[in-house]
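Shared between the two complexes below is chain A, which has chain B as its partner in the first and chain C in the second.
Coming up: the complex of A and B.
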C-alpha cells in the first residue's frame, strides 16, 4: 500500500494521462461494438505498445481493458446485444429499461455500478494479493468442475417464470458446447457439416442468440405504430440516479464480492461473474419477479460484478504468471515484451512500472465512469431509430461482429442458424441467457471432469477426488442450495398463483 | 438514378476484379505485397505462439522488409487442427494469407489424424523460434533429478501424472519419448495449452509436467526443473542437464519450432520474396531484443533449413508413433 502511494504520481504524467483518456474513450467504443470483446481489443493493441515506454504501454492496455468491459454494456442496453460475454446479465434488465424510455438512466446505473465494482476489485487486489494468489492456486480440475456445475445451477433461475424451461435451454447450450473436436482427445463430435469443425465459438453464439431474434421481432412490429414511449434526453437525473444507485447497497455489494471471487479463480473469467451475481441478487430480493422487466438493481449487480472481476483477475497473473481471464492472458504478453516477468520481482525490481500500471487501472475506473456518463447523454438518439432501420443496422453489426472474430464466414452461418432456432424458442417461452451459459460452462465442465478423472484414476479414485477436500465440499453445498432455492421459490410462486386464482373464482 | 449509379459502380468493380484475375500472378508478384498480409495463428490470443507471432512480425510494415503490416488472425481449436485445415482448404493462395506452424505438433497430427494438411501442403518461409520441452515438478516434489523420477515411475507404473499442452504437441512427444527410452509408464494429462499445464504443476495438481523452456524459465522460483529434452544444455538454464547426460535417450525431436508457412500453390515469386525477407526481419535488432527480453528463445532458420527439418521430423515421428500403435 505504501508502495502504491509512492508510485501513484507517476501515473499522472501528461503523456500517461493522455494515453489513459484516449484508451478509455477508444475502449468504450470498441466494447460497444458487438464481437469486439475485451480480449480482442487488448490483443490488437499489444503490438502498439512495443514502441512505447513500458509504463505508458501498460497504462494504455489497462485503460482499454477496463473501458471495454464497461463499454460492452452500451450495446447490451441500447440494442439488446451484449458487446461481450461479460455483459449478458446487463441486458436482462438494462434493455427493458431502455425500452421504457430510461436508456440514459440504465446507462448511468451501468457506469456508476461499474465504478463501484471496479474500485472494490482494485482495493481487493492492492491489499490482498499474496493470500488470494495462494487461494487461486487451490482451484484444480475438481474445483473448476464444481464451479461450472454451480454456474449451471444458476441457469435454472435465469428464465423468469420457468425453472424447467431454463434448464432445458441450458441443456441445449451444453449440447451445443460439445460440437467440434473434443478438447482433450481431439475426437470430432457432431461435425455433420464443414462449418462445425471448429465448434461453436462463444462470440458468434452470443450474437446469434441475442441479436437475430431481436431483428426478427423488430421486423414483426415494424409496420405498426408502436411505442407511445417518448425517447428524450432525461435531463437533470444524474445526481438523483447516483444517489439512488448508491442506495442499492445490497446489489452493489453482492455484485462486487461475487465479481472479485470469480476474478481470482483462474479460467472462470468475467462472462460468468455478471450472471452469477445477477442470480444471487435476484434470490436475495424481496420481489424477484421484477427482475427481467427493467429492475435497475439487476443492472447494478451485473455491472458491478463484471468490473469487480478486473482487478482480482490480475492477481494470479502478476504473482504467478497464471492469467485469471482470457484478457489477462493477452495482458501477459504486454508485460513480457518489456521484460517484465510476473512474480515477486515485478513488485521489487520493477515496482515503478508495476505500481504505475495498478494506479492507472484505478484512474481508468474514474475516467470510464465520467466518459461513459457523457456518452449516455446521447443514448436517446439510438432508441429513437425506427424499428426497420434498427433491424437493418443490427443485422449489419451482427454479421460484421461475427465475421471479425476470426475472419470466418462459417461463424456467420453458425450465428444465423443459432439465431433462427432461438427466435422460435423465444416464441414458446425459452430465453437466450441459459443457452449461452450452457455453451460457456459446458466446455469448462467437460474439460475439467476429464482431466480430473485422468488424475483420479492414478490416485484415489473418481469419487474421492471429486467429493473430498474442503473447497469441493463448499462449492457442492452452494450448488445444492442454489438448486434447492430455485425449486422452493418456484413452488411458492405456484402456490401463490393458485391461491390467487382460487380467490378470484370465489370472488366472481 | 441512385440505383443506376450503384449498378455502374458494381460493373466497374466486377471489371476491375476480372482484369486483376486476367493479369494473374506475374503482375501480382511484382507489386507484392500492396496491401496488408494476414497470418493465421492456430492458437488463442495470449498463448506463447500468438505472442511470439505478434512480436516477430511487428517490423513487417518497415520498408526494409515487407512494407506492409502483418495482421494476426487467431483460429484456435483441436490443438491447431482447425486453423491449419482452414488454411490449406480455404485460405487464399495469393500470398496474402500466411500461417504460423508448430513442429512437431502439425506433423504428428497429420500422422495420427485425418488432417487436410501435412508437410507437403505447406511451403516453408522461415523459422523464428525453438522452444525445448523441459521436465518440471512442483517445488515440494520428492523428485530432485531424473533418476529419482524414473526409479519411482518404475516402481509405480502409471501413478505419475504428467501434464502437457495437449495431444501430439511437443510436450506429448517428449513424454512418449521418455516413456519409451526409460521403459516407464506415465499418465499423460493433455491440457488446453502451456499455461494451464504449467499451473497444474505449480499448484501440485499433477506430479510432473513437460512444458516450454521459456515458461519454465520465467517460473523457476516456483518449480524444480529436472531435465531438458534437447541435445545440449540451454543458455537460459545452464544448470539443467539434458536427458542424455542421465543416460536416457531422449533427443531434440520434441523441440517446439515456430515459424511461417505459405500454402502449396503460392507463386514461386512470392515464396522467394518472403523466404528472403523473413529471416532478415526475424534477425532485426529490435525483434531480437524483444524476444530476449520476454524470455523467448529465438532460432532463425531459412526456408531450406526448414524443409530439411520438416523431413527429419516426419521420418522420426512416423517411427515413434507407429511403435506406439503396435504396442496397443
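Coming up: the complex of A and C.
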C-alpha cells in the first residue's frame, strides 16, 4: 500500500492523464461498438504502446481495458447486443429498461455500478498482488512449468464450449510458440517457410487471432439491420439515479464480491462473473420474478461484477504470468514487449512502472464513470458506425500495428495467416483465448521444462522432480480439478440437452 | 459423421503429420517439448473423435455461410497486402478502404454514399498519416508513393 501511494503521483503526469482520458473515451466507444471486443481493442493497441514509455503504454492499455468492459453495456442496453461477452448479463434487464423508455437511467446505472465494482476490485488487487508475487519466488522450474499448464487448462475449460476443443486450442498455441529456433539449443523447428525463421512473435499472434476473425465476422453481418429502441435523452435524472443506484447495497455488494472472486480465477472472465452475480442477486431478491423485465438491480449486479473482475484478473497475471481473463492475456503481451516479466521483480525493479499502471487503473474507474455518464446522452449515435467501414478500418490498423513493432512484413503475413486459421477454427467451435495463452505460456513452459529436465537428470530423475514436492502436487491437483470441473459441467450440459431433446420429441 | 467428429479427425491427422516432421529436427533435446505437446494433442483429438462418434450431440441448423462476402474480403485483403510494398502503406490503405466499402457495399452505391465513403477514407488515412508519419515518425511499408 505504501508503494502504491508513493508512486500514485506518477499516474497524474500530464502525458499519463491525457493518455488515460483518451484511452477511456476510445475504450467506451470501442466497447459500445457491437462486434469489437475489449480483447481485440487491447490487442490492436499493444503495438502502438511499443513507441511509448512503458508506464504510459500500460496506462493506455489499462484505461482501454477498463472502459471497454463498461462500454460494452451501451450496445447491450440499447440494441440488445452485448458489446463484449462480459455484458451478456447486463442485457437481461438493461434492454427491457430501455424498451420501457428508461435507456438513459439504465446507462447511468451501468456506469455507476461499474465504478463501485471496479473500485472494489482494485482494492483487492492492491492488497493481494505484492504478497502473492513474493510467494511466487518459491517457484522453481518444475512449479513454473505446472503453472503454465494450469493457465492453459483453466482457460481451455472456461472459454470454449468444449473442454477438449479448449485443450486442443491450447496445445496448438504451445506448438505455435515453439516455431523457430529453440531458445536453449538454437535448433530450427517447424520452419516450413522463410517467414517462420524468427518464430511467431506475440504481437502479430495477438492481433491476428483476435482482430482478423472479427473482421470476417463483421463482414458476415454487414448487410443486417439491427433492431434498436427509441432513445430520448432526459434531463435532471442523474442525481436521482445515483442516489437510487447506491441504495441497492445488496446487489452492488454481491456483484463486487462475486466479480472479484471470479476475476482471480484464471480464465473465468467477466462473462462468468456477470452471470453468476446476476443469478445470486436474483436468488436473494424478495421479488425474483421482476428480474428479466427491467429490474435495475439486475443491471447493478451484472455491471458491478464485470468491472470488479478487472483488477483481480491482473493478480495471477502480474504474479505468475497466468492471466485472469482473455483481455488480461493480451495485456501480458503488452508487458512483455516492454521487457517487463511478471513476478516479484515487477514490484521491485520496475516498481515505478507497475504502480503507475495500478494507480492509473484506479483513476480509469473514475474516468470511465464520468465520461460514460457524459456520453450516455449521445451513445445512440455510437451504435451507428457501419460494419463495412469498421471492418476496413480494423484491418488497416491490424496490419499497421503488426508491421510497426519490428518493421517486418513477414510478421504481417504470419498475423493474417494465423487470423484466417482462427476464423476457420471459430466456425467449428474453437476459441482464440486458449491459443493465445498457449503461445504466451509456451515459452515459459518449454524454458522451465528444459531447465527442470537438466536439474532432474543430474538429481532425482524427471518423474520425481516434476511430480513430487508440495507445490508441484498442489498445482497438479489444481490442473486436475480445473479440467475435471469443466468435464463435469460439460457432461451435465450434455445430459440436460438430451433430456430437453427427448421432452421435445415426446411433446411433438 | 457429425461436424465435431470430423474436427477431431482433422486434428488427429494434423498431429500425425506434425509428429512425422519431428524427425527433421537435428537436436533430439530440442524436439522433446514439441513431441510431448503433439502426443497430448493427438490423444485429445482421438478423445474428441470418439466422444462425438459415441455420444453425438444434436446438430443445430446453421445459416448458409456467406462465402461471397467473406471470400470477397479475403481476396481484397490479399490484393491489399500485395500492394503495400508496391504503392506504399497510406495510398494502399486508402484504396483498400474504398475497395471494401464499394465492392462489399455495392447494393448501397449512390453518388452521395460514395462521396461519404470517400470522405471517410480520406479522413481515416489522413489521421493515420498525421499521427504516425508526421508526429510519431513510425516506419510503415514503403512503396513508390506513400
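Methods note: the second predicted complex is superposed on the first by the 275 of 508 C-alpha atoms of A that agree within 3 Å, B and C clash if a C-alpha of one lies under 4 Å from a C-alpha of the other, contacts with A are read in each partner's own complex, and residues count from 1 in each chain.
As a convention for this text, contacts are C-beta pairs under 8 Å (C-beta built on N, C-alpha and C of every residue); 3 or more make two chains touch, one makes a residue touch a chain.
The model shown is predicted, which means the values in this text are computed figures rather than measured ones.
> Between chain B and chain C, whom does A:501 touch in the aligned arrangement: first, second, both, or neither?
second
> Scan A:286 for contacts with chain B and chain C and give back first, second, both or neither.
Once the two structures are laid over each other on A, A:286 reaches no partner at all.
> In the superposed arrangement, which partner chain does A:429 touch: chain B (first), chain C (second), both, or neither?
second
> Given the touch rule stated above, what does A:222 touch, chain B (first), chain C (second), both, or neither?
The answer is second: A:222 touches chain C but not chain B.
> Given the touch rule stated above, what does A:235 touch, chain B (first), chain C (second), both, or neither?
In the superposition, A:235 touches no partner, neither chain B nor chain C.
> Between chain B and chain C, whom does A:243 touch in the aligned arrangement: first, second, both, or neither?
After superposing on A, A:243 lies clear of both chain B and chain C.
> With the two structures laid over each other on chain A, which partner does A:342 touch: chain B (first), chain C (second), both, or neither?
The answer is first: A:342 touches chain B but not chain C.
> In the superposed arrangement, does A:39 touch chain B (first), chain C (second), both or neither?
first
> If you stack the two complexes on chain A, which partner ends up touching A:185: first (chain B), second (chain C), both, or neither?
In the superposed model, A:185 contacts both chain B and chain C.
> Considering only the contact definition stated at the top, list the common interface residues of chain A for chain B and chain C.
In chain A, residues 184-185, 407 are touched by chain B and also by chain C.
> Along chain A, where are the residues that touch chain C in the complex?
Residues 51, 162, 164-165, 167-168, 171-172, 174-175, 178, 182, 184-185, 187-190, 215-216, 219-220, 222-223, 388-389, 391-393, 395-396, 399-400, 403-404, 407, 409, 412-413, 416, 420, 427-429, 445-446, 449-450, 453, 494, 497, 501 of chain A touch chain C in their complex.
> What residues of chain B sit close enough to touch chain A in their complex?
38, 44-47, 50-51, 54-55, 58, 72-75, 77-79, 81-82, 85-86, 109, 113, 158-161, 166-168, 187, 189-192, 195-196, 198-200, 202-203, 205-206, 215, 218-219, 221-222, 286, 290, 293-296
> Can you check the complex and tell me which residues of chain C touch chain A?
On the chain C side, the touching residues are 3-4, 7-8, 11, 18, 21, 25-27, 29-34, 36-38, 40-41, 44-45, 47-48, 51, 55, 57-58, 65-66, 69-70, 72-74, 77, 80-81, 84-85, 89, 93, 96-97, 100-101, 104-105, 107, 117, 120, 124-125, 128, 132, 136, 138-141.
> Spell out the part of chain A that touches chain B in their complex, as residue ranges.
Going through chain A, the ones touching chain B are 39-40, 43, 46-47, 50, 137-141, 180-181, 183-186, 197-199, 266-267, 320-323, 326, 328-333, 336-339, 341-344, 406-408, 447, 451, 454-455, 457-459.
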